[in-house]
Amino acid sequence: MTEYDVRMDGVTKRFGDVLAVDDVDFEIESGKFLTLLGPSGCGKTTTLRMIAGFEEPSEGAVHIDGEQVNDRQAFERDTSMVFQSYALFPHMTVGENVAFGLQMQGLPGEEPNKGALDRLLRRDNSEEIRERVSRTLELVELPGMEDRDIDQLSGGQQQRVALARALVTEPTVLLLDEPLGALDLKLRKNMQVELKNLQEELGITFVYVTHDQEEALTMSDEIAVMNDGHLEQLGTATEIYEQPASEFVADFIGETNLVHGDYATVDDGAVLESNGVTYRVPEEADAEGRVAFAIRPEKIRLGEEAEGLPNRFEAEVVDEIYKGNLGKFEVRLANGQDLTVDLQITDQGEYLSVGESVEVGWRPENAVVLTR
Amino acid sequence: MTEYDVRMDGVTKRFGDVLAVDDVDFEIESGKFLTLLGPSGCGKTTTLRMIAGFEEPSEGAVHIDGEQVNDRQAFERDTSMVFQSYALFPHMTVGENVAFGLQMQGLPGEEPNKGALDRLLRRDNSEEIRERVSRTLELVELPGMEDRDIDQLSGGQQQRVALARALVTEPTVLLLDEPLGALDLKLRKNMQVELKNLQEELGITFVYVTHDQEEALTMSDEIAVMNDGHLEQLGTATEIYEQPASEFVADFIGETNLVHGDYATVDDGAVLESNGVTYRVPEEADAEGRVAFAIRPEKIRLGEEAEGLPNRFEAEVVDEIYKGNLGKFEVRLANGQDLTVDLQITDQGEYLSVGESVEVGWRPENAVVLTR
Amino acid sequence: SGGDGGDGTGGTTTSGTTTGTTGGGGSAQGSADVRAEWGLPDLDYDVGDSLNVFQWTDYWPSGTVEIFEKAYGVNVNVSNYASNEEMFNKLKAGGTGQFDLIFPSDYMVNILASQGMIQQVNLDKLSNFDNLERRWIDQAPYDPDPGRWSVPYQWGTSGCGWNTNMTPDIEYPFSWDLMWSDEYGGQMTMLNDMRETIGASLKRLGYSLNSTKESEIQEAKEALIEQKPLLTTYSSVSRDAALQNEQASPVHLWSGDAFSAYWATYTDGESPIGYRVPKEGGVVWVDTAAVTKEAANVNAAHAFITFFLNAEINAKISNYVYYPTPNAAAKEYIDDAALNNPAIYPPDEVMQNLEFIRNIGQATQLYSEAWTEIQNA
Amino acid sequence: MSSVTVSWFKRTRSRFIQRFGGVALGLEAIALYLFLYIPIVVMIALSFNDSQTAIVWKGFTTEWYSALLDGRAIARVDPQAAWIALKNSLYIAAVTVVVSTTLGTMLALALDRYDFPGRSLLQGVTFMPLIIPSIVMGISLLLFFNFVGLTQGIGTAIIGHVAFDISYVTVIVLARLSSFDRTLEEAAMDLGARELETFRWVTFPIIKPGVIAGALLAFAMSFDDFVVTFFIIGNQNTLPIFFFGMVRQGISPGVNVIATVILLATFALIALAQKVAGLTW
Amino acid sequence: MATERTSGGSGLVTRVRRHRYVGLVFNAAPATFWLGVFFVAPLAVMLYYSFGTRGAFGTVLLDPEHLGIQQYAYFFVPDGASIPQTIWWTLGWALGHFVPFVPNVAGGEPTAYVQLLFKSIYFGVVTTVFAFAIGYPMAYFVARKAPANYRNILVALVVLPYWASYLVRVYAIKIMLAKNGLLDNLLTTLNIADNVSLLYSNFAVGFGLVYIYVPFMILPVYASLEQLDTTLEEAAMDLGADRWDAFRRVTLPLSMPGVIAGSFLVFIPAVGAYVIPELLGGTDTATVGEFIASQFGSAGNWPLGAAAAFILMVIMFLGIWIYQSRTGGDIL
């Protein structure tokens, strides 16, 4: 066993003129949960499909479990995929769906001489297969559902069957392409938790595709943010959220206030001048000239809490949106700069209204300077 | 002009055995934004369709603009509907779609002698119609798109055309049935803001159907929460969120911690005993015996902040989910009661971890006692 | 409708039971009992086990072929046609090998022979050839010399039939004008047969029905086009049923069909059906059996000819189709009512007025074109 | 403005449609169903008519059916010939279905799965037999067989039937394939199935209803074909050809009886096919 | 664990097996061969024959001196007419004949065959119009008005006769229309007409064509109506359209694909019909289909028949091509 289950090595994929994946490098440690996150069309699915073996890279190499697998076909790779549409075989029962992979593998050790033709002519249903199917169905909390038809299942149950079918062959890597995309919000949240638990329990490597940043933050050990075919940033959820490497990442993950201006170092740190206002920002080695800094709405303090903070300004509330658990305020600084501030409503009634004057402030450490 | 644009008066609708809408009463003030909110199948669409004139009430009366309209057909009512599926006419261009309503009305005052037959034989394309179509398309930020085909538009653009088509006839009431349901999250959020702005700008009465509570909280002047055909609660967003009238409402809107127990009044207020723990709760006239109280996750304080609060308990963190802007903690009290606590991450790095002991507390005023 | 020359086409396959104990040659095959029952000869040649026959629609009573099949152990496949032209073109299209035995009328025998589509009959294989009346053998202008190409099967005339229930006022003698009279518009039919129908028109105009003059043919064509609106359809098949069921009258048809209808409606010594050849005269014809050029079962074809030349069989057929038989030996089994009916066996003075249709060579083209135009007018 | 001004004309028209539209359409539909079924019912009824002429009702008899069972002719219609024609029809249809379903399904797969130069041409040629008048197809085959010197018979009929049935099968299977979710195949491969296994266990079972529907239609088209067969079958008969000859001779009780039997036999066959196919779907 | 299955033999075999066109050739070749040899080649032979000349007694002369376009000329050009005259006569006649109130201003008539062609097309159009007129309301009823749980049965009832032999159904019509048949008796009883012979007439042919082909109209129209989103109609009414306007402006145009498909499915076989006019028609109902058939039957003029068949086919394709290029739509 190598340290890395999956390694992408300068992988590029072109469809005709379209550059779908552009020189992507990453490695996934055995047993980790990696999420590919990015907007629609950024190449997430294509990346996953190259790992699964449905697409061949135009350039670069895909390694699984230490071996270069570029010219192995899907059925020769030790990965399993959970499709967004589930892709359950509609003409088979739950049990048959889950058993399919085992039967196709011809269950090594059992009836070893069976050739492809044999398997073609009949599917086998030995005791061992039955056993493993039933165990896997228990794992996904569908015990005893073997004989159900697929169309008798709810969306969430189908999701679990798809999972069971992928898990039963005990793949080295499980690939999941927006597996929860078709579920409604409530179910989706539940399944997020369950999936994460399952992954921790089984210790299987997960490569998970989503365009939902909240999902990514909640579930992943590591997140690979993709944009337009290339990898923008690779890191843990906290790294990605709190230390975004680019404006794209800052903007794509969570909400943020971006302020563009001129960066300069001063005695006791660094500042950014924008529109006549000087903001204190953390020092950033690469920064120079026109850059930006990002400050999250929940990191901005209002009123008394803003007192004594290095960045502190008079502002006016120009819009408010009530969200129940929090209030979202649009405040305008004297220089016309608009900032969004999130205020958790920790006590009933506590609220600001449009037109009110208010002090805003934040710690420079809570902001990030972005050079690209 | 009457004060109320729409009034539902004991309206009931049965489909065979199914009681889809059950004795619903409400009124919508002119120019207000009312949202019908509730789980799937609770009767929202049916209510809306009775206002539009697609369904006749089995009992009760629908009033629009002061007139009882029960036996007016849809085309005789001064309402316009925006459908979830948009229901754009696929065989017409954007301009033709928007012009349709004007053509059908025969533009009163213009070409007054033209009979129905005339219009039937040729579509009319008078200057005024062209003018109004183009103005309305500008309003929804699709200027000059008259000649586009419907299938050349993105989902968001189609949504705007549907809106323009409904607005162009200047209806008294605009009815919207989950108009954003088919859009993705980002677009949906943008459109929420735009719709709300448009409504305020035009001063048209909106009746808006959604099952998304966040959307309802963000947009509405008033929210009518429906459940199983009947009206559970009618009120402003704050009323609904902070003073839910029932467990159903508390649970359906936002996240909440529900604790069941026995209510009792004591000298200086009221308490609820549950599982050996006594919680201080606000007094509630109707309450007696076994009831419940609800406390929102963001209203619970942790650590030092909990000090000195009337409700204050030792707890252990049993789960944590990182959401970027906030941490979601599952804490367990000594009596086994689990509570969800939301903590806004106002400073980088600040965080709790699983297993840690922590104090939790909240003000009784922040909880609500629910008798049903 | 006016279209295809072959209503009744496509025929029906009568056939079935190979009773034949498949055995050696000659009469060893088939059932001697059946042969004895009908007085059929044993044959001294190997008949083979199948035979493809192309025959006019409804030209023998059902069961006839089965007797042959049983007697000689041959499986017979029969297809039907409704006009000589249809039969001819079917052979052209599919090859003469499709059928062994066909039943062309007089002029068509000549055409087929000249086109090399039939072969000579081997008289040695026909032990009862002499059953035929001499006149049908000696006076067969259509049968090319030398040799013998065809064996007469039945003969008859073409004329007009009527049903007095529909048209009580028709009285013989009448002219071909009958078929052009407005009075019967919408209830008449003419034969769906190029030479017959153009022939009738020629006769009415006083020309020979074998005219090769373009102008005469044109004139006949115009007359037929003029007549068209008066007709319900052109048809050569089930004319007996049409008369009998009062679906058409008067009807241009072959004599046998008229008498089928006559006898079917015959009660208390009378029948509403009448038949006559108009006074200008008309067609006398003889349908014959011929063996195709590429016949695969030449012996079986000869066996079948021998079969229908048999007096009893031939009479059985004649008594069913009500056509006069050319078979002298058969006459003793023929119903007297038929034999004595001058409309079936016309007296000589009538015969003198009648003409055979003849092979008129290249002029056939003129007829074909006229016929196509008539049908599509 | 308080309510939309709607012309009296429109309001009344709309009310009128609302009130009577459904009924009027219903009556029209009933009339059309009668139009479709009355002739057939009358035809069947008259097959029990105790009359030689078969048109005017003279009384009830099952005489014609006993005649049929005994193999006796019914007013010139020879049951023996009908059985042989039936046998030929079944034989031709059976062979045609097997060949055309196989070839048609394969062609559909090729058209669905591959993009290649000439694809739209091939697709056009595939659809052509469906839109070309039958008579053109029959004539061209007749001339072709004549040209190459093939003797016409059952064999040439089968060739012709396959030529048009391929199109029916292909079109139907293509429709099925267009709704086929290709990720199912990927899922199978991902689970270790090779190409043939994937086809055997996933692709085929899922498109099977389409294949069966195509086969059923192909059967019906072959079994019922008259025009093409008429020109290319030589001296043989199929049921439609036999029947065409009968019908041209006019209306007779025998034709009614045979027609009724054909009708019931076809329905029985279809019912059976549906049942068998239904079980395997 | 690594339980991969390795593919045997990597080299040439694998590469060939994996080549993109292997599956294509394997799957497409047999049917392509069949269609090429037994469909396309026969059409080519037919085209070839159509340039031949008929000899006496139906022989076909295909030697160079007899090859030419004479059949087409014979088909299109009236005796002694020049090309412009032919066109003028044909157009003038067609206008005068089929367009109400327009007299035939041309000085002559087109050939009988062109007239026949027009007549067949006219039959096709009339059949299509009738099939639409009676089929559309019924399809609408089944798709929209009938209770949903009866819908499948109602559709099945439309399809059912289609499974019954086509000839049996034509025969049934023949019985209906025969003299003294059901319709005759009905008309007599109702005192509308007496003893009318409905069979063997244009009426009978039209009746038969509509009877046989109306399901081909109903089914596609039903399919397009059934999948049509009813909220579109509601949207129209919401915007001020009354029920008729909503139908006329929204439902009808959106069901047009079904109507068009149905129209082609009815029109094509109706124009080429051979069996129905043959069995139900009288002396004046000849159609191109019958004409072509008779050229191969009693008339024995193969080249002319082949030319007519080719002309018929070209006209069909022209119609479809014009439709498709104007709308970009597919008919099937």
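A, B, C, D and E are the chain letters, set down in written order, and residue numbers restart from 1 in every chain.
Going forward, a contact is a pair of C-beta atoms (placed from the backbone, for glycine too) under 8 Å apart; a residue touches a chain by one contact, two chains touch by 3 or more.
What you see is a predicted model, and the numbers here were worked out from it, not measured in a lab.
Student: Using the contact definition stated above, find the chains touching both chain B and chain D.
Tutor: The common neighbours are A, E.
Student: What pair of chains is linked by the largest number of C-beta pairs in contact?
Tutor: Chain pair with the maximum contact count: D-E.
Student: Roughly how big is the turn, in degrees to the nearest 5, that lines up chain A with chain B by CA atoms?
Tutor: Resulting rotation angle: about 175 degrees.
Student: Find the geometric centre of each of chain B and chain C from their Cα atoms only, then give the gap between the two centres in Å, rounded to an integer.
Tutor: 90
Student: Counting only Cα atoms for the centres, state how far chain B is from chain E in Å.
Tutor: Centres of chain B and chain E (C-alpha means) sit 55 Å apart.
Student: Express in whole angstrom the distance between the two chain centres, defined as the mean CA positions of chain C and chain E.
Tutor: 38
Student: Express in whole angstrom the distance between the two chain centres, defined as the mean CA positions of chain A and chain D.
Tutor: 54
Student: Mark out which residues of chain B touch at least two other chains, giving numbers and ranges.
Tutor: 73, 75, 105, 116, 169
Student: Mind pulling the chain D residues that touch 2 or more other chains?
Tutor: Residues 4, 6, 10-11, 13-14, 18, 55, 142, 192, 231, 244, 248 of chain D each touch two or more of the other chains.
Student: Could you tell me which residues belong to chain C and also touch two or more other chains?
Tutor: 7, 9, 93, 247
Student: What residues of chain A sit close enough to touch chain D in their complex?
Tutor: 52-54, 73-75, 79-81, 83, 85, 87-91, 100-101, 104-105, 116, 119-120, 123, 165-166, 169
Student: For chain E, which residues count as touching chain D in their complex?
Tutor: Answer in residue numbers: 5, 20-21, 23-24, 26-28, 30-32, 34-36, 38-43, 45-46, 49, 134-135, 137-138, 140-142, 145-146, 154, 157-158, 161, 163-176, 178-182, 211, 214-215, 240, 242-245, 264, 268-269, 271-272, 274-275, 278-279, 289, 292-293, 296, 302, 305-306, 309-310, 312-313, 316-317, 320, 331-332.
Student: Sort out for me which residues of chain C touch chain D in the complex.
Tutor: 7-16, 52, 54, 57-58, 62-63, 77-80, 82, 93-95, 97-99, 237-238, 241-242, 244-245, 247, 264
Student: Going by the contact rule set out above, which residues of chain B touch chain A in the complex?
Tutor: Residue positions touching the partner: 185, 213-214, 217-218, 237-238, 241-242, 253-255, 296-299, 301, 321-326, 342, 344-349, 363, 365-366.
Student: In the complex of these two chains, what residues of chain D are touching chain C?
Tutor: The contact residues of chain D facing chain C are 52-53, 55, 73, 76, 78, 80-81, 83-85, 142, 146, 151-152, 230-231, 234-237, 241-242, 244-246, 248-250, 252.
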